[in-house]
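Encoded as structure tokens, here's the structure I'll be asking about.
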């Protein structure tokens, strides 16, 4: 397992270097950051001087090498638009995005798995069909539209929930949390539903199809033949066997939840990294974009690693020891 | 193997067979939902394909638009113009025609990107699965890197690049390809992984060994023997990806990366209409949104049914 | 003997509704088992032997259903029991062993978990007692160091050991009947023999009756007291093993016996039955075997024969009908 | 032997195949494990005369399928040579004409008739593939005629060529496989468990067909099976394999009448006795060990009632046994300790 | 505020961002972000407007934009080239430091230093002299009647504070450590910055020692950027916010009809117009090859007359625009009323095209921002539709401002053939319009840097030079009129309209709206 972990970490570094290189090559074309940094009537000479100062005129590989060396020391430079160290900026936005993503993922799991189990076991029941239909709606409308409709309903019309922002946050060192205040929790509801709906659908459908397969396996048949109770068969024997693919997909999805948060954060003006990234793209804030992409890649890699380690927990067949006789 | 499958299911492989088997048709005819979704999908495809002949107006023809006709409500509401069944948008475009033309673009983006993703994914998956070893490892590492870039990020980056590279060209033309490329780029991995998985199984099957035995070159074996036998799940993924691609396109349009509003897709129509949601012109967003939801829902249901119908374990 | 048989199956019909109409997979079979008796059920794939086992233990997969007849365990009807009541019969009074030990055990739970759970489902014992019993069971089926192996996962066992665990699981609650569905087919020849002997020994020790379903005449010959030969959803011939093997009455049994290569190696050609078993949706009129039967005559093509006494057993063949005046005695080719 | 021996068609000498089943490098370093190898086949030597059937028998994991694949060239051998008519297959460049001709002359019949036919192809296309690949016929009519001929040869109707594999039963499929194998007019057929997936009555049909074809075309068979009775029925000579090695080779009659190697004897005893002759049975012990870490010396020693220290230390080599045509790899036989039993 | 659990209590005390909700908190949102607090880093309306609540200049502007004394009590032109400013006494910076002439001299140097984006506020050749602690002289190289026009956004910083915090150098993007001044503020204005989280939230508090009498009754102001139009409006409608701007024109009705809110609208100073490439011999993006149709005034006029600005106003701008005859807002030029737009006349336009030799029209691409001006993209679409009717096929290239400006400005090599742009003269004066938009330029933009199409009329340039030097207002206005006449005859541009301002305001709040779209808290009264 140690070897496995080390290997994954090495791979992870490789992946992140590739991500960094790709991002860097692309950034050249995203636009001219200098334009965004100065007002309209700044002269060409001043612009050129600034560009030189920023090192934007160096070859990509030189810029890349510089970036990697600094990034290794957790220095991602200074944001062009905010004139602040990128690490600080992202650090302040990270809690918002992580809280939103985790709550959404939790929501997706807590609703998705039971619904998936239910629909898998009761293929033809009316409730199953209802669940399936609702879940399909979740992937049939674009996220932003769902968000806007939720705002329209719950904020503007009913005025139950806030339409934007995180509400009041409580700081613990650099971490700020909205989970401890009423307004923070209220503010979390609409965005996390918006963000989680899609994942919930995915998980539910995945669990359902896995369930359908697992309950047809020999060991489930054998469990039935031994007269075990329905509950034990479904929730102990069957569910555990559906977990491996569910873990995989959930892991992959968690990565994309963080990416999808771009949309949700935009709609709800959620002060997270996604919003920051979008602003950076619009303003050609290369240091922030680079750091964000690296962070996404890093989170993805970490999640993948956790997923792989979870396999070991769930599936004894993967544990290192060999079959003995 | 269940006892009954000994008796009844003579064979559980081969899409061609299963499609030809009237089982498929039967399960199709029996499932009202599948029928209905197929009907809707078909209607959408026909409506989209023949939009120029079906639509009462040409929303892309700027010369025929009159800004004076903008924001007319749909029929049945006060101030409606009988020429515009579902009202008009802020540019005076007929919403109904816009939906037909928009569906055309949405479907085109969906089909082309999924096709591209499928071709790339299937080929890479085949090669990875069949050749194995280092080739396999490299392809799968690429797939892993790809996975860390969700479609949204890819589209934002590619769009930026394209704007810089083709900036002076006609955006209407390349916006389509940007979308197609970004969506295809993030979708191919799933095809590749699935095909690789099935290929790993198929390549050890004896019919492949029989072909190797008579000296058929690997490439031909992959194309002639393996490919037709791994294409079943591809079809399912393709259907589900189609719905996802249409939605992704719509989402990207929200970020301003989508199809330009002069030739709007369904998603772009929703995005435009979004701005009028609070001002009372709900029809500009809701009708295209409804159309989009119905279309994607139909495609997804079709995919669902296809998956269940093609999954021998569920029969 | 007027004693109530342990298991009695009468006129059992199993049907599968399909869009082509209802397929009859098992068509009115009757047989019974006495306590401690081993009944072999033999037949080629598609004959309905596995379905018979599944029907008895109430595990027919939908849409399959019992459409007629009755199944009695010690005189009590079990085919009409509620699912909950049936669950109390399964595992407790009827145990089951499946073909493939690789897939029969849940890979994510230790065998201890699985055995103890099964014991505690059926017997009113504490977990400690259940554990003791589990160890005893594993020892009985010949697993060395049973106490330590309780915490092992199925993949840590070899195929033969796994099948022993499966047998232990089937015997957890001292059932009166064990249905063994191809228990040795997935195993190597040398292990096959071990498992057969184990099954034989344990059932003899516990006086457990066994319904041994297999396609292998050799296994039956070694193990069973009586044998039922199935063909196309019906019992073609049933009788004491020795009798059926030595003097088969039904032409199908005759063919089957002749098709098996012998170790003596004196056959130049094997007897071959032409054609293949009919599909369920195309069962010919009359005797289902008539198109493949060299001795078929008009009646075979029109009228379906039921089991009738033939020698020490019974056969469903017009050739043994005294009215036809033939002896029906075949000879092993 | 005094009689002039016919020239063997197939000669296999010292054939072996080792698979690297090591864990990844990093694991080995961290867990201090050596590289692990699976010797799937080792030092296999036999020869088959023209028109003869030679059988390999053994339990799963004994390496008999590996040998089959090595002989036809589906697997690359790690050691040894395979000669067909004296031509070493491994010396040929893969695309050479000589190799092509060798390929044409060797064909194979596989175990699973469900997996060995491409389900997406019509039967006639399947059977025609080797004809096209070797350029045996060129016009479409000639190919169609040849396919029809082959189908009739395996007792199917030429019209069946229009169907897809799924429309056939297992036995019929195996006939199609045989037809495909015969399409290139081979002289040597490797049959890897050709009937183990079939029912007894169908097995009889296929075995009879194979014998008929052998008589008709003078085919040479390498017949691989785990079923001693089938092997007895089909083969003139039999090789018994255990853990990747040949432990005994003997003429069929001799093997069954006087099995020499303790493993062969054990196998014989494990066969259920259909004739119910009441022959005494000795309990078979143990299971096949893990082939990655096989026992020392004679790999059978942990299960062998005759094993002694030498067996645990020293690997026996195939040698002529004192009786009949057998060659046996067993110290006990060599030392004459085996004759005490059974 | 309700609190869950004890942990939170501890956290809350530690949290500076938590403020007690009271009637005197103003919460507002704008579509853009406030990126940093250094008042010289970005020359952009919203940023400057925000800083205007914290910092003050020597002058300031009233709600009607007239110039008022601020940190300077009065000023006079003692010689044509020497202006004297008398500073207000007793003004204290937020940190308690006194405001004096040293601060003015320091700020004049800093605003012109490297890295400043507001160097144009004071010409580099201008010398600043401290006369005494509360008097400062500005010595000009040549007379300039509008020297102080844009000084309401040249904010005075505290010399001691800036130096003490090592922030004399204006924050540059290439600095790896952030400038203190870009994260903290120390002005003399009516509000102090309590916390600033760029792109997320900025919190202001009342400054009790402000020199002026406060009209407002606010204790706290909370700013949140909300980019999404729908979300911003929803936040106002749901009562989460007291004020949002801009309100998309289509939502004005909705904001008005809502009981608790109203929309404040008015004309803005910015003029939106279309420009042509008249410099190149062949257009970069057109179907016409070998010549440049826009060099022909008839073509430009045809384009002009093909556009129905009233329709654009009614339908796209919802009545919230003023079609403009000039390239400057009538607010900024008193004689603007003398000019009229050319009539909308598609027939005449078509005829002009035929006359110019394009009976079948031609194709050209139109560069257009899509996130810069009110309904910019919709306007461009409408323009395309109108032009389509006279046979001009327009390829619309609408992009976010980042890419748009990168393409069409000097830095992108003026890569455009036909474009839409908006312009507010920084000096609020026509001279800027004439110089920057109409001055003949070379390829690098020297001359008329924002004359993207390269319009060139030496007569206009000559007039512009005279306007800069003319100190007599009446004569100056006449020169401006003459210059405008020339450019209009040339159809140098197609002025479209002055777009409207639209602020959404809760009925709990009274405030003043300024035509330059700056939002000043000092006039806000919360009920």
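Per-chain numbering from 1; labels A, B, C, D and E assigned in written order.
Operating definition for what follows: a contact is a pair of C-beta atoms (placed from the backbone, for glycine too) under 8 Å apart; a residue touches a chain by one contact, two chains touch by 3 or more.
What you are looking at is a predicted structure, and each value in this text was computed from that prediction instead of being measured.
Shared contact partners of chain D and chain E are A, B.
Looking at A-B and A-C side by side, the one with more C-beta contacts is A-B. Per-chain CA centroids place chain B at a distance of 44 Å from chain E.
We define each chain's centre as the mean of its Cα atoms; on that basis chain B and chain C are separated by 51 Å. Per-chain CA centroids place chain A at a distance of 54 Å from chain D. Centre-to-centre separation between chain A and chain E, using Cα means, comes to 38 Å.
Residue positions of chain D touching 2 or more other chains: 169, 287. Along chain E, residues 230, 234, 237, 371, 400, 403 each make contact with two or more other chains. Among all residues of chain C, those that touch two or more other chains are 45, 158, 161. Against chain D, in their complex, chain C makes its touches with residues 44-45, 158-161, 188-194, 196-197, 215-219, 221-222, 241-242, 245-246, 255-256, 258-265, 267, 269-274, 276. Within the complex formed with chain B, the chain A residues making contact are 11, 14-15, 18-19, 22-23, 26, 28-31, 132, 136-137, 139-145, 148, 152, 156, 205, 209, 212-213, 216, 252, 255-256, 259-260, 262-263, 266, 278, 281, 293, 296-297, 300-301. Interface residues of chain A facing chain D in the complex, by the touch rule stated above, are 2-4, 6-7, 320, 323, 325. Within the complex, the chain B residues that touch chain D are 10-11, 13-17, 205-207, 209-216, 225, 228-229.
On chain A, the positions that touch chain E within their shared complex are 31-44, 47, 49-50, 53-55, 75, 77-85, 89, 92-93, 148, 151-152, 155-156, 159, 162-165, 168-172, 176, 180-183, 266-269, 271, 275-276, 278-279, 282-284.
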